[in-house]
């Protein structure tokens, strides 16, 4: 595998700040970025990435190529929670299996953003419609996960209604900001870009570093908590992203995405949610243990994708595309 | 009325983010920007607008034209709370009437800022002294409102002293930051501008979008609360800004302001405070109900000015000035 | 003493915002920048200054000249807490003497940053290795202070272990961010600079202004609290920086630092910590009174260095260097 | 001063809407909410440190007439059962405006 | 452990300075303040969501000798009367350093 | 509902780790922490306004079986003695899931 990919990923400031956060935690530092600063940073990142994607979409327009990519995104967002659920049932009860399946069926915006910064490091372009793809992939897994839990689970305790569920899935704060900014970017186009780019583009990398510093602290802090659940969740959190990534690479090739778009698509499929889905699961499947699904996503899959996944997926794509 | 004005206002990213916030609330999203982030954003906006105004004032200097504008601002800041008070007395008790009068006699910095971004959207210039005008208009209404309440109200309960009142009116945090930044901008001039403009100008529009996103959520959330008070407050919150705006437009014409300055002046007179005045009223007229005066200002007058007012006032000014 | 130095320091926006904060407090304003905003700003400032220093270090490399400067920094970081401790013992008990000595042996990053902005105001360059010097000077005084307290103090109460102490000294949040960003800057060099400079450089001055506004409020608020301790702490907080500055100037001359580096070095020696050291002292010497050592550093030495110290030290250096 | 039952309920923050709804259903309109708390219990520790926020606990404090207390506690029990947390009831005297 | 009265006073945050002044006037120098609370009562709900901040409630907790409690509560009553809020008094044992 | 002792401990925020360690040492795994409090006491006022953060107080609330209370309080006493703060103990009824 191409070494320059690994190095240029490890020399990417955001990744280095992620390491810094992990180190801080391992040496027992009191370093922390207290709430609501991380929430503010994540809102900023969603707003900025959504807006930039919208502006690019405004330029490219809704070509059939774009629509096919969005279709593929939807497809993966439906398949992943389904197949992972049945794998998970081997070890977990219905509620936890459903929550984890929803977590891995949905996406991690920050992994997506880190992939974008990795591509710009390599000078490889990617299209704004991949942001739209991300927006589409956030919610379906939530619906599917909850549906599975309610169909196959024991009907114990008052469950929140389906209308509440729809709201929690599609009107989730992070989904609203991402989609809203996307639409605003698509409406205002170049003029809007000119007005906001110092905020949404120039300082973007720096804000990302700050957020990843916090993510590093969190991941390291949570890492210990996973042990109690044995090795299955750890293996799952590493292998399932690889499986989904492989499927994504071939699907991307099939529908003829560019190398850059292919990486973004792969990262979406390989990543797991730790913002939108946990927020929804706490309400819809309270019996599931956040200490399990959040930790798998935050402490294992996220670092794995950021550190190992990005160069690995890129290498595979380079081999196949060239 | 000129359609391009409406569209170019609605295509202004800050306004779109305001809508996004309202939508988020209406669809029952959990989206929120938790304190102290909004407080941080409002401090930033006041600091930035004050500093930029000061720098421009440094360039233009205190011309008689400027002084006349400031005089007109003072005049309106005294007249508005007086006439509105007697209208309000028809329906409200002395305390609530005084608090609402103070609210509408003072100004909304963010409405002013949105007007500035609307003007720059249209490529119409406006002078830095209008920021000084805003600074002058923040406090007088507070004094007048409280004076009315104490003269005409029942002397029940220990009231905070007049010296406390002066402090709450003129040393209010937002007043201090606005005036202080104005002075600092006027002192440091071009050199200071060079040092701070990336912070105070480049990312300004983006920070404004974030703040208006929050304002949209708040306005929509509060909208329900107004019903309990019947239709009078709603009508007042829409009509009084129109009356004040009309007076302002003619006064602006009279003293020969430029079209851009005229809009800023009009917006100042039409807007109502929801930061400085409520903070002071809570202490000075505790018997008044914040659920009334904050809601009128935040949930009705603010959105009305942002969405309908800006293009409307601009259209009127264009007609008269041309 | 050269007047232009005083004026160009007082015309420096960050210093003016510091004054604004003090004024706000003196007039009894309710202005405050609530936590965690100040913590966020200080993390940002440490990250930015560390990163910029690292990038410059990447360019200059570790020359012997650099290493000599770092050695001098270490030397001062060891001497200052020792000599001040024995002066302090004349009036304070062992614990308070040790805590104050540690406070003045360590450094204030924001004083250092303000000195940098003062130099750029004057157009005088300074090297990135001074940031490394700052990083080196943060922790030794903590170790020395605690060692003194434990050697000479009464062994009362369970003390945190030495390993804990090392952690609190070297893994302190602010130390980690500063050193980590320094290393990341040194690793990523020009490429990293290109990616982050809008965040770490362009908006830096503005963020500094906001932070100093808060520092002004704090200093003024704390000023009253110092009286109860009599005049000794006040005299100490003004005179000891002058003594350390004098020593630093001659040492800087001796090792042949440039005028700019000499000022930075002097400011490091003259400044006192109010973030890293108090955090460590609260744990390591709980018997010491934060109301004493934090107030001396925050309410007297910090303003003194910012307002009087900077131009004074610069004037002395100009005289000697020319 | 009238005698009241001082009830404090500590639950995961997303529960708040359901909790206040339950209170209103029992005609309790007076309560105070303490937010962004951390804690530890049978379901492990709760840290309020997730990047999306909303992972901490809240404490709802309400002073109710003694006769209302028991029924209110019974109404809250299922919430605790389903989603964890604790409810403490003690005696107090209250003064209101 | 000495017996004390545990007094908690919940009011609108701008009241805090007046409240602490009242405590000091009664020779009470020990108290703890919980801030940015939300709540609901006779005067509607309080949300701490106003852009300028400072629209939430605070809770001041103080443990005082039983003999001081009544006079302190009486001193606080007018504040509650004028500006709303609630004051809860209960029995407790306290340990101080 | 079982009878418990409601123990609340208010200390300087850096004490929290030591405090929770003490609780665990006494087999107490259930507690709630209220942070960024301000206050005033024998050692002056605490303001949570230092730029580096961490200068405020925290309040740890725990409901324990009555028999555990005394030994726990005794274990906490030295912490209060060394670093200030207060501990309040009162009677309560608790409901858990």
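Just so it is clear, A, B, C, D, E and F label the chains in written order, and each chain counts residues from 1 on its own.
In this text, a contact is a pair of C-beta atoms (placed from the backbone, for glycine too) under 8 Å apart; a residue touches a chain by one contact, two chains touch by 3 or more.
On a predicted model such as this, the values are computed, not experimentally measured, just so you know.
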item	value
Graph distance between chain A and chain E, where chains that touch are linked	2
Touching chain A and also chain F, the following chains	C, D
Chain whose mean Cα position lies farthest from chain F	B
Fraction-based call for chain E against chain D, same above half, different below	different
Chain centre separation (chain A, chain C; CA means) in Å	40
Length of the line joining the C-alpha centres of chain C and chain F, rounded to whole Å	34
Between chain F and chain D, distance of the C-alpha-averaged centres to the nearest whole Å	19
Shared-contact residues (touching 2 or more other chains) in chain D	34, 36, 53-54, 81-83, 90-91
Per-residue multi-chain contacts in chain B, two or more chains	30, 32, 34-36, 39, 173, 198, 202-203, 279
Chain A residues within the chain C interface of the complex	11, 13, 16-17, 20, 23-24, 27-37, 117, 121, 198, 202-203, 205-207, 209-210, 213
Complex contact set, residues of chain D against chain E	1, 4, 6, 20, 29-35, 61, 63, 90-97
Chain D to chain F touching residues, read off their complex	10, 34, 36-42, 57, 59, 73, 76-77, 80-91
Chain F - residues contacting chain C, complex	12, 14, 36, 43-44, 47-56, 78, 81-83
Complex interface listing, chain B residues touching chain E	32, 35-36, 38-39, 41-42, 110, 157-158, 173-174, 211, 214-215, 218, 221, 225, 274-276, 278-279, 282-283, 286-287, 289-291, 294, 298
